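Input: one structure, supplied below.
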């Protein structure tokens, strides 16, 4: 689907990504796992061609099966902040239908019907009525589903999602993950998503690329990377993951210098 | 049993939304004993943040009572409310918006001292350094501005600010959900350390039951403005009595590989 | 200082600031560059520019030196315009902050008052005030400010409204600060950027209003101003057009310099926002 060759991105003199190579086959799901400052969002932006004007880019990104892909038509994008990608003054019907009109040459009439079907698929109640409403009338979780509907309206082959669930509560997160999972299976969509949540990566991806501080630490099939992590950072993330199975000691395990894991005395 | 530090009774708060009145908090009773941690858990929109902001007197409830340390909080206003503020503090969810972008760490930490006359100006810096040390941040950060700190550092400064007045209660509104996962546990450990040392009580607001389980003793599960289940964390998590609780438990992400 | 550097990096900012610096330097050094009373009669009337070395820009109807009037006029124009803009910003920012932060009926009343002021053209408002109080420098400044405070008030209010709901304002309340301290110490400094960009527009407008007032004879009679020079020259416009054109050029350059500087500042501040 795409191949990134030795890609480096810098903002002014500040390097954000250095020498990244990575590829993804059609229908596969890749999680880019990392924290703030790991360059994961820069990588997603670079793939969408949405880097800010001041960024210096070296290396290349190729889409062998797509040639020169068009954002919105061939690539759909969802961002962390579901409010940010929706226009507050347009109804959501206009926004979703516009994508289909512009990129698929549909008539407004059929595009609106298409939009209503998508909203229904995303689990938005009363889709026909919802089309006439504005983004602020929906909750955060609903807005993220609407943004997802808009990203999928032109039937893209690649979906890029930058922290699609981290602004949402766990219940909504859970639902969005199930939704994305279903979409990928049904439509044969290729998915690249960026996350800081190791559990999300393991639930939703086939492959994972672990990044830290602008560098790629390791990459491979999810099973392999998480079962036999090669890098101390990956091991530390796994060891300190907080969930309902975390043993209840006086204190929680912390990541120390050089990715060592320690449990402080309480 | 001694009187609770915080006692909320029959609290109601309605908001007008899209022309309709919506009950955000719909008759909530809640008590927190001194030195304990009570979690208020629920999905977004369940009213937990509204309740927290009512307790902090940031918004005014429509009905009900809030007693804090034996005082009727809702009867206070103006100067008398401000005089009580040092005793109940708050840590906000997103540390990137919780600080005046122009104020340095020193100013953020000395504001509570200045406002309440707790220390002469000559001692502000020393006291701020003590607070930084308490939240395990290096002294060199004292003259930085919020945007020059990492998310984890900012949240530690927010905790330090909340502790500056030696409060009896700190409301923690999703204290780790905006932080990188690798610093979350350290911040939670810090909160537990501080509680052991100072005996402060926490009201933890969270949608993540893994966080609740890590630091709270008691949990109240909220849905649609009401508390639907209430009890010790071990009890409620082991035997959830409502669908709301089961759904929240099921939604906690876990590693399928483990 | 970074703002200054970024501002100088834009062509507009550099050009504007260079021009403005020259004008300010000339205005400040007026007593040195053109000693003596600019209203005193110095030579033959209506000398053309570049005709006599003692009067490089010629003389007016009464034989007063045009160059020294121009230099002293710059002093009056800039002084009145900058003071008026400062007064307008002070009133506007104060009103806007109080309206935006307190909200409710206070906001309603203040904004209705601002609207009432805005329905009357600023120039007429100023004219009315001066015709009541008489043409003194302070009343001219105040008069111009009274006609110009509404826009800074609206912009400040809008910024404060958007900042008011931020968590850091709630945090300041939790800390126990008083409402006015929160409004002016915590919120206002974060709301100033767009208002500062507006300052240039107000200064430029004030330069023109001051000139127009003097032209109509409502200026301070004891000071030379570019407006009064143009008014003087009007009576002999056919025979001595330079008497009106020269101060006119002064006005155009001043307004241009202020505008360019303002745009440079605007760019620099926006750049900083993007970085932050």
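For clarity, chains are labelled A, B and C in written order, and residue numbers in each chain start from 1.
The rule is short, and it goes like this: contacts are C-beta pairs under 8 Å (C-beta built on N, C-alpha and C of every residue); 3 or more make two chains touch, one makes a residue touch a chain.
In this text the structure is predicted, and so the values were computed from the model without any measurement.
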| item | value |
| --- | --- |
| Leading chain pair when contacts are tallied as C-beta pairs | A-B |
| Chain whose Cα centroid lies at the greatest distance from that of chain A | C |
| Whole-Å gap between the CA centroids of chain B and chain C | 49 |
| Euclidean distance of C-alpha centroids - chain A vs chain C, Å | 51 |
| Chain A and chain B, separation of their C-alpha mean positions in angstrom | 30 |
| Sequence positions of chain A contacting 2 or more other chains | none |
| Contact set on chain B toward chain C in their complex | 53, 56, 58, 82-83, 85-86, 89-90, 92-94, 97-103, 111-112, 115-116, 147, 158, 161 |
| Residues on chain C engaged by chain B in the complex (per definition of touch) | 166-168, 170-178, 186, 189-190, 276 |
| In the complex with chain A, residue positions of chain B that touch it | 18, 43-45, 150-151, 180-186, 188-189, 192-193, 196, 207-211, 213-214, 237, 247-258 |
| Of chain A, residues touching chain B in the complex | 35-37, 137, 139-141, 168-174, 196-200, 202-203, 222-223, 226-227, 236-238, 240-246, 248, 250-255, 264, 266 |
